[in-house]
Amino acid sequence: MIRVGIVGATGYTGVELLRMLSTHPNAKVSVVTSRAEAGRQVSDLFPSLRGVCDLVFSDVNPDELAANCDVVFYATPHATAMHHAEALLARGVKVIDLSADFRIRDQATWEKWYGVEHASAHLIPQAVYGLPERNRAKITSADLIACPGCYPTSVQLGFAPLLEAGVINAASLIADCKSGVSGAGRKAAVGSLLCESADSIHAYAVSGHRHLPEIKQGLGDFAGTEVGITFVPHLTPMIRGIQATLYATLTAECDLQALFEARYKDEIFVDVMPAGSSPATRTVRGSNVCRLAVHRPQGGDTVVILAVEDNLIKGAAGQAIQCMNIRFGFNEAEGLSLVGLMP
Amino acid sequence: MIRVGIVGATGYTGVELLRMLSTHPNAKVSVVTSRAEAGRQVSDLFPSLRGVCDLVFSDVNPDELAANCDVVFYATPHATAMHHAEALLARGVKVIDLSADFRIRDQATWEKWYGVEHASAHLIPQAVYGLPERNRAKITSADLIACPGCYPTSVQLGFAPLLEAGVINAASLIADCKSGVSGAGRKAAVGSLLCESADSIHAYAVSGHRHLPEIKQGLGDFAGTEVGITFVPHLTPMIRGIQATLYATLTAECDLQALFEARYKDEIFVDVMPAGSSPATRTVRGSNVCRLAVHRPQGGDTVVILAVEDNLIKGAAGQAIQCMNIRFGFNEAEGLSLVGLMP
Amino acid sequence: MIRVGIVGATGYTGVELLRMLSTHPNAKVSVVTSRAEAGRQVSDLFPSLRGVCDLVFSDVNPDELAANCDVVFYATPHATAMHHAEALLARGVKVIDLSADFRIRDQATWEKWYGVEHASAHLIPQAVYGLPERNRAKITSADLIACPGCYPTSVQLGFAPLLEAGVINAASLIADCKSGVSGAGRKAAVGSLLCESADSIHAYAVSGHRHLPEIKQGLGDFAGTEVGITFVPHLTPMIRGIQATLYATLTAECDLQALFEARYKDEIFVDVMPAGSSPATRTVRGSNVCRLAVHRPQGGDTVVILAVEDNLIKGAAGQAIQCMNIRFGFNEAEGLSLVGLMP
Amino acid sequence: MIRVGIVGATGYTGVELLRMLSTHPNAKVSVVTSRAEAGRQVSDLFPSLRGVCDLVFSDVNPDELAANCDVVFYATPHATAMHHAEALLARGVKVIDLSADFRIRDQATWEKWYGVEHASAHLIPQAVYGLPERNRAKITSADLIACPGCYPTSVQLGFAPLLEAGVINAASLIADCKSGVSGAGRKAAVGSLLCESADSIHAYAVSGHRHLPEIKQGLGDFAGTEVGITFVPHLTPMIRGIQATLYATLTAECDLQALFEARYKDEIFVDVMPAGSSPATRTVRGSNVCRLAVHRPQGGDTVVILAVEDNLIKGAAGQAIQCMNIRFGFNEAEGLSLVGLMP
């Protein structure tokens, strides 16, 4: 039984980590930190955890974390994990960062998009990008894991088979993505109010979203070459879920359905639907599955991939636990055998 | 490992039974029936179950059910289970009816509210009302279990401590209840369309709802006397959840908080919140918990009880599994250790 | 054409005033103030007003207001209007306050519930409570109008006919109210986030809500005696709308339907539905109508009144314009002939 | 004052026609038909119209329509208007068809996509496609007007300036569209239930939607050449609204913002937002405006156009009234001066 710390557990990915780890047979949460809520019962803030979690938020203290944890999850905004990672790693504690601090290999790119100087750039090279469907082997021995963002997970899993097979024009991809409001986190912001975001949809960050460089880097890894992509995210009136609708131009004939099924046949958390399907985000609500379908409308040369995931799970907390399972040699699905809540 | 049949599994309680039983260590679904969908993969209708359930809907056939099941759940509208129960019971199969067929002890009352003649009225006396918090002992040996309706569960659990203690005027109770739209089931009806029921609330069936006689019977059992109650249900723009706001006049002084805590201290699926709390339905979304709080505004003689539940779980499928666990001697929480999905 | 000022127009009642006054033939908005948004185009903040309103927010300046307005609406939180009213009134400007500052006649009660000292208590006696269905004649000559709160409007219009007729027990009324999230305003607060308030319902302020003393005062006026009431508001997952479900005990026989129809036969913004009806909030979405239905379930002695309104219109901005129309001798429906948006 | 008939007024476009025409100074609804609801008060079905509309649904009778109407709107599913049009036109009654019957010029294409034989194909050549921003002059004298579909309106208004200017590659356009559930109409269908469509998003009809041939025809008219387009609609969890996110490859340099502003400077119902904007569907909820923004992310050669409209208004009933105003020489905005309902 490993001991788990969660830093920044007052947000939505934090409470999801707590929910899922509560059923994990090999891991037990021992420390939960929050500056704002130190001293408060976790189950007082999140009554859904009454009777499930009897922890109390403590103030953030790397020494305490190091003393009481085998692995620490960072469910914080960016620019927190980068200040703690070195101390924890030095004491043998694994770090699984759900924030953006170690996702981008090029320091200058990261600093440009995140607007701060990187506090531990020397650690970037040892960070492993925590997308199991690409980096499972590396994750096995990684001490610092940078979990992918929610949008990048769905976009990469959708485009990967085509880029690996080299059958699309990688220079002009389009990712039209729709996210539930939980992607904006549990912070008080006018734009995330029910009265501002319900019964309406709108695009945002069309000129450039922070996930764009991560998507380009990730897709480039699959393609083996630089890619060009237009990425337009939309705020969608739902709590959870991302739908990525992906467009590319085919450059070679291939059996798309067979390609996708072959690529993911051993992946337990990627589900390729039968030809002609249209996955709905609600089919993965509360589960760690990314569900895909591939289309070629009217037999033209445009391929359309539909990818859905729960942004808080496969796009965040679930994928982080999946990485932990891989790193510690547990069954990869432990704690993640959750069936989507439908309706 | 017992074998479970589900009749009428194309509705919302059906898919919830399948979801929860998929993790049950002692029970396995062997037969799933549907007239309309016979021959279709269950996971084709409910893609959330892809990779979890590989069953195919079969036509309803009591012989097949009897041959392949130790227990059969009826997740049907009323007036189906009453036609099958005798044949199944005769062959030693337990019947857990989630519909209304065996909830009301008085045949004439049942026939008046449900508008049909009862097809097996002779079985009514042996049916046990499946509210574990009242009838746990009887459920232990019941062969025919009539699971409570969704509204009656929340109203009874809320009023029970006060009625048992005899501290309120049982002749004039008020239950103002708010239900999510899933309470209307998965049938095509204009009133349940998103465009008719979203972003709006309204009362319905004010002159008399079918759950009223069940509520009166159940509360009467707790009170030991006939009760008078005004019950007003409201269609609320959410998928799941019931909030029952209950009002009664105190007739004796008592420590309300202590009374509730004592009554439910051994109940794993009833959670009495601290004094002053206001439970939200989302804290029980996807879980089998009924969460309660008791208030006495301005110290007057009106007591207000707030009760929330997931209408599809503690109000239907979860409670049915809880009854099955009790009947077959399993751990009462088996398959039901689900934490509410929040947000 | 009168000149209108709006103080605090960045909130939801502010934008509703702007929307409705844009079509008013006798009134024109001349000044719109906001501390936080001074200098910004109104239509930049509220793009729905592009092409309709070309005003710019200015900083709050009573002199400017007095010089440029015949009437000023306060769409601010409490404790703002009370600081400006005297100066405006002294210069002949009418004040219509949508906040709570002048609603409560008893200064001590007001200060207890609102937690601040009243800055112009000497003006309280001259304020007229702006419920046209009760005070139309007084509004005709009022210089300072205190518009009712959203909950109090629905509760008073629902109980008024019964209290005036003296046919219910006024000592133990119950008001179970459900409000859309816009009732909490357009301020960044975690509890109003879509992810916190969608797909869920919960009661709040059970021990005492600020609208309680206003409701008691108002109902007392209709009854001619002090009333006792239990008021439980619920946060409901919708943008707009209030449903008040009201319960009382009948003390005399009467034709309830006839009583309600007679009471409101000349009221253009109160609609008594036929016997047996259940009004939905969406039927008044975007309109100034309060829609009522009265029930007597199972012919017992409990009367149930259902009242729905748009909390931002009949519960706030629309009622304020209605008061303005009465005060200035315009047609009472001017600017308010809005049909509910359905679906 | 012209007399208006509405056939099929029990759906969402029907009730919107009634709502908007209730304020029209030059038109009065005289006949409202419905087979299913004949004899019922309109305001009984749509309580939002109580006090506004006192009509009764009558059975469909072309003679009665001809005798009592100057213009008849068809708010029916396809394949109704085509059976009535000739008789009405022969008696001098104008026909404004909101359904698809006369939208497609090529009869074979229409019959392929709609699956029925066209009953009055000889009338197709005289039908004018009712998109005022393209066909205003022709509408002035049209007796048979075929109003555009909801998706085609937003897609055409978004692409038109670029196609007319010849600055994009018309052979490979992409339209990723998101529609509220009201687009599916007011018919009982499982897929439109709140429990099936709330809190989720999914694509549909990826292999081919009925609006595709209409979009291709319309864009081709603007381009002066055949276009190639991939059109993917998505069912979005909201009542009203369409967001079209449009992608094209630039083939020539041009000032995109200036191009759009010049194209629509005289159009009262098309609003080009400032550079960098992201229109939300809620800004046009309840209004006849189509709001546009044009982007060129990272200065690349992909242009992104964002277009939002209320699918029931500019995408249906509002555009139909706009056409009526043009045809009868009324002010084009009469009855349509509705400001979006926000929040």
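Lettered A, B, C and D in written order, each chain numbered from 1.
The working rule: a contact is a pair of C-beta atoms (placed from the backbone, for glycine too) under 8 Å apart; a residue touches a chain by one contact, two chains touch by 3 or more.
What you see is a predicted model; the values in this text were computed from it and never measured.
Between chain B and chain D, which partner chains are common?
A, C
Looking only at C-beta pairs that count as contacts, which pair of chains has more of them, A-D or A-B?
Looking at contacts between chains, A-D has the larger number.
Compute the rotation angle for the C-alpha superposition of chain B onto chain C, expressed as a multiple of 5 degrees.
180
Can you tell me which chain lies farthest from chain C, using the average of the Cα atoms as each chain's centre?
Measuring from the centre of chain C, the most distant chain centre belongs to A.
Where the CA atoms of chain A average out and where those of chain D average out, how many Å apart are those spots?
39
Report the inter-centroid distance (CA atoms only) between chain A and chain B in whole Å.
Inter-chain centre distance comes to 36 Å.
Please list all residues of chain B that touch 2 or more other chains.
12, 180, 182, 186, 195-196, 198-199, 237, 239-240, 279-280, 282, 285, 343, in rising order.
Which positions of chain A touch chain B when the two form their complex?
Of all residues in chain A, those touching chain B are 12, 15, 19, 22-23, 46-52, 182, 186, 198-199, 239-240, 268, 271, 273, 277, 279-280, 282-287, 289, 291, 337, 339-343.
Which residues, counting only chain D, touch chain A once they are in their complex?
Going through chain D, the ones touching chain A are 172, 174, 176, 178, 180, 195-196, 198-204, 206-208, 228, 230-232, 234, 236-241, 243, 245, 247, 249, 276, 278-282, 285, 295, 297-298, 300, 302, 304, 306, 308, 343.
Touching residues of chain D toward chain B in the complex: what are they?
12, 180-182, 186-190, 192-199, 237, 239
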